[in-house]
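This structure is in structure tokens; I'll ask about it shortly.
Chain nomenclature is as follows: A, B and C, assigned in order of appearance, with residue numbering initiated at 1 for each chain independently.
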Amino acid sequence: MSFKENQEYQTVGNAFSDDPMITCRNVDVFYADKQAIFDVSLDIAKNEVLAMIGPSGCGKSTFLRCLNRMNDTIDICRVSGEITLHNENIHSRETDVVYLRARVGMVFQKPNPFPKSVYENVAYGPRLHGLAETKSDLNEIVESSLRRAGLWKEVKDRLEQAGTGLSGGQQQRLCIARAIAIQPEVILMDEPCSALDPIATSVIEELIDELKQQYSICIVTHSMQQAARVSQRTAYFHLGKLIEIGLTDDIFTHPVHELTEGYITGRFG
Amino acid sequence: MNTLFSLFLFFIGLPVVLMVALHWFRRQRSMRNRIEFGFKCFLILCACIAIFTTIGIVLSVLFEAIRFFQIVPLTDFLFGLEWSPQTAIRADQVGSSGAFGAVPLFTGTFLITLIAMVIAVPLGLLSAIYLSEYASSKVRAIGKPVLEILAGIPTVVYGFFAALTVAPLIRNHASGFGFDVASESALAAGLVMGIMILPFISSLSDDVINAVPQALRDGSLGLGATHSETIKRVVLPAAFPGIVGSILLAISRAIGETMIVVMAAGLAANLTANPFHSVTTVTVQIVTLLVGDQEFDSPKTLAAFALGITLFVITLVLNVIALKVVKKYKEQYD
Amino acid sequence: MNVESTIKRTIAGRYRKERRFQQMGMISMVIGMMFLLWLLVTIVQDATSALRQTLVAVDISLDEDNFDQPINKASIKSASFGKMIKKSLRKDFPDVKKRKDKKQLYKIVSNGAEYAIRDSIIESPELIGTTHRFWVFADDEIDMLMKGLIDRNIEEGNRRVSDKTISWVDELVAEGRVETRFNWTFFTSGDSRDPELSGIWGAMKGSIFTILITMLLALPIGVAAAVYLQEFAPKNRFTDLIEVNINNLAAVPSIIFGLLGLAILINYFGLPRSVPMVGGMVLALMTLPTVIISSRTALAAVPPSIREAALGVGASRVQMILHHVLPLAAPGILTGSIISLARALGETAPLLVIGMVAFIVDIPTGPDSPSTVLPVQIYLWADSPERAFVERTSAAILVLLIVLVSINGLTAMLRNKVERRW
């Protein structure tokens, strides 16, 4: 099981799709002098859930944050290679980062509702982007987003209460509702269940399954079971490199690369 | 009253404390334990000095203030509209002149504090936001120390600058526009005080803004908010209690500030809200009443202590509230 | 779905707001910086002229009959050098006849000139019997005139120096009898009513004594209190009370500490007014809370593993603190305390109240001799009407600022050098 860091490598499996939403080609990411992502190429197809797995520190979160340029907020971070959304390079000068993030939503590891009411949390995005012309439009967007996030029944009577007062699982669904309120095309999820208990996790997983009808979803997860449950395709990262990618069923039943096999069988992780 | 208190302290309080200490001292077994016990006693004593200081302030200032209120009724002091302590020097006039109405001092203090805060709050807050959210590390490396220097300049220097440079400038410019400006205008003192308070507000709100978790910013940016939208709609509302606390601390500081107003504000107790007029403040009067010879039985000297206890109570209340608000705010994000 | 078009439509306006907000932040910061620059430039500009001092040469005929016989130290001391100076000036300007004009003429040289000449004669009595040229200080008004701070072109009535005086001074200049030299007096003498004789050394010494007392009191007490609160104090109501107390004391206006000093130290204990000892005590009480707070921060930064290691080899708590925790926290304690002492050095208000605002000519010799401090000296001079005190005030401010900046700079260097990161 020897794998040297700077060795040339070839991703195992088919990383590409015929009908891609997002395409990534030869992406490298650097933090100052330290390279965190090495030459990653893959596609994210429409209406699919792509899971990214791998040991901690393998760069999967870093890679995810490239997809809506959240890495811009870190001064020392530099991205090279090409990432396109609808054949538009998202790192080009013409691409507007605000517009990009409106189209590529993100759900974070720890639920991060704003210290505002439940209603204001969901209405935040639509208000920013001017998506609702009247108050009733806004009410409608808030209600439908909360419904799709499966939270409506639980919070409809306390929309004015603070979002931070909900339980952890509810908070995370609130964050999902907040993300889908501006009707993005892609939702990025960075270990969305790592701070939640098993019951809340299973609710979110069901939600992800429903959301894929409308959105492309890219989810980073620590849990192989979760990847197996929610995703159609799985990508395995190791030390910043994309080792293997393929249909989830194949990866978990017949991993090709020895590193993938080692990780899945629990020999390291 | 004072002598009685000290007699009590020396002949009853002290022996009791000493005997208790000796008793505990004897109970320590080894010599080392005894030395360490003594060491600990010394530490406790030092820690108590903070308490003694507060008690000292309250007692000393309060005693003199009570003597003042025996001559001048409290209501006259708190609600009287006229302040002219000098007329009461003559013995036959003590207390009868009714010239110890502190309202003009309170309004004067309030006016200058208001002007200072109008300048310091927006400038301080905006520069804190700029430095912590926008500035490149190079700009930050210059901007922060510069603001710290501004905070480190002794207030007497600000006072000199206000009186000799800023006040004449305002006077010349404003009279060009047809305003009638006193040479010791409230505006000059307030303006310079605002600049003095600016770094105080900016460093306090810098702490507060930095305490807002990055996750909230990420959440907002991830929804496609611009940087300023994130700051205005998420960071500032989240930091609001902390910012209010800092502003309260700054107000307390402005009210207690002495040298700028002593040098740049006036002595005449005018009851006015016009920033171009001259007003006086509580601290100016304390200094004026106490500089020179003091007689501890004339209401003129005692009035300074009455003003002092008022100042102490007001700033204490502001500080207690502010410290509580800030503490609670910080705990929220810990 | 019109989400795309809606966002695209409004995005330009949102970026405009973004830029405007950022500009506002930058402008606010620049305003603060510009103010600092304005203040410093004004003060440095005003202060530079105080570094030079105008001197006038007077030829004094030191005839023996001006002195009581026999000539010794005592008779030199009692001789009237003022008369000799006046005589010499009358000789130089024989046209001046009217009494009023003569008075103006005498005012060209400083009031201190006669003492300066007396002192140099005491040093070299062999000059007696000769006519000797002495360089003496010009009056402050002449000094201002020479430095161009009094405008010759404005109307005589609005000017502090009359046309006649100007013509005399011009005559002296033409004869090469007016010079400007480096102003040593400013750095070596005490306060004076005459600006040309005044200096900051008295106030500097007062400041040094005061801050020494403050340091001797505040540092040990503050550190001891911090050690107790950080290392020993049980979590109970009494400890909470002390903590709340310290935090609030740190925010009490400084003038209140002056009132405390006046009421307790001076009025009750009968300590003298205007002395550095009392000033130092008052400032010590004022700085104590900040010393305690910064020392506690330094103590808290020492990792628990060190404490555990010390206790683990059988040290008592006191030994653990004295041998391990305090030495490790010392740099942090020291830098924090120095910064609070620097603040105390610039403090004025409480010292006004305890009478350190008196006019004191003598240079203080110890913490028990009446004196003033540098910031109070600035306040006193700023209040004086003479034009010449403006430059001296600015120069004194400059000295104070340089002292404060170097203390802070040295502290920063110390911190960078010895600071430990855990």
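To be clear about the criterion, a residue touches a chain if its C-beta (ideal position, glycine included) is under 8 Å from a C-beta of that chain, and two chains touch if they have at least 3 such contacts.
Just so we're clear, the structure is a prediction, and the values are computed from it rather than from any experiment.
Chemist: Quick check: more C-beta contact pairs in A-B or A-C?
Modeler: Top pair by contacting C-beta pairs is A-B.
Chemist: Measuring from the mean of all protein Cα atoms shown, which chain centre lies nearest?
Modeler: Looking at where each chain's C-alpha mean falls, the closest to the middle is B.
Chemist: List the centre-to-centre spacing of chain B and chain C in whole Å, with centres computed as mean CA coordinates.
Modeler: From the centre of chain B to the centre of chain C is 23 Å.
Chemist: Using CA atom averages as chain centres, what separation in Å is found between chain A and chain B?
Modeler: 51
Chemist: Mind checking the centre-to-centre distance between chain A and chain C? Centres are C-alpha means, answer in whole Å.
Modeler: Measuring from centre to centre gives 62 Å for this pair.
Chemist: Got the chain C residues that touch at least 2 other chains?
Modeler: Within chain C, the residues that touch at least two other chains are 7, 14-15.
Chemist: Would you pick out the residues of chain B that each touch at least 2 other chains?
Modeler: 224, 226, 229, in rising order.
Chemist: Going by the touch rule set out above, which residues of chain A reach two or more other chains?
Modeler: 98-99, 102-103, 128-129, 182
Chemist: Could you please specify the touching residues of chain C with respect to chain A in the complex?
Modeler: Going by the criterion above, the answer is residues 1, 3-4, 6-11, 14-15.
Chemist: Taking the complex as given, what residues does chain A use to touch chain B?
Modeler: Its residues touching chain B are 68, 70, 73, 75, 98-103, 105-106, 108, 110, 112-116, 124-125, 128-129, 175, 178-179, 182.
Chemist: Can you list the residues on chain B that touch chain C in the complex?
Modeler: Against chain C, chain B makes touches at 2, 32, 35-36, 39-40, 42-44, 46-51, 53-54, 56-57, 60-61, 63-64, 122-127, 129-131, 133-135, 143, 146-147, 149-150, 152-161, 163-165, 195, 198-199, 202, 224, 226-229, 231-232, 249, 252-253, 255-259, 262-263, 283, 286-287, 290-291, 294, 296, 304-305, 308, 311-312, 315-316, 319-320, 323.
Chemist: Please output the residues of chain A touching chain C within their complex, sorted ascending.
Modeler: Residues in contact with chain C: 96, 98-99, 102-103, 128-131, 182-183.
Chemist: In their shared complex, at which residues does chain C touch chain B?
Modeler: Residues 7, 14-15, 17-18, 21-22, 24-29, 31-33, 35-36, 38-39, 42-43, 220-222, 224-225, 227-229, 232-233, 241-242, 244-249, 251-260, 262-264, 267-268, 285, 288-289, 292, 316-318, 342-343, 346-349, 352-353, 355, 357, 375-376, 378-379, 382-383, 390, 393-394, 397, 400-401, 404-405, 408 of chain C touch chain B in their complex.
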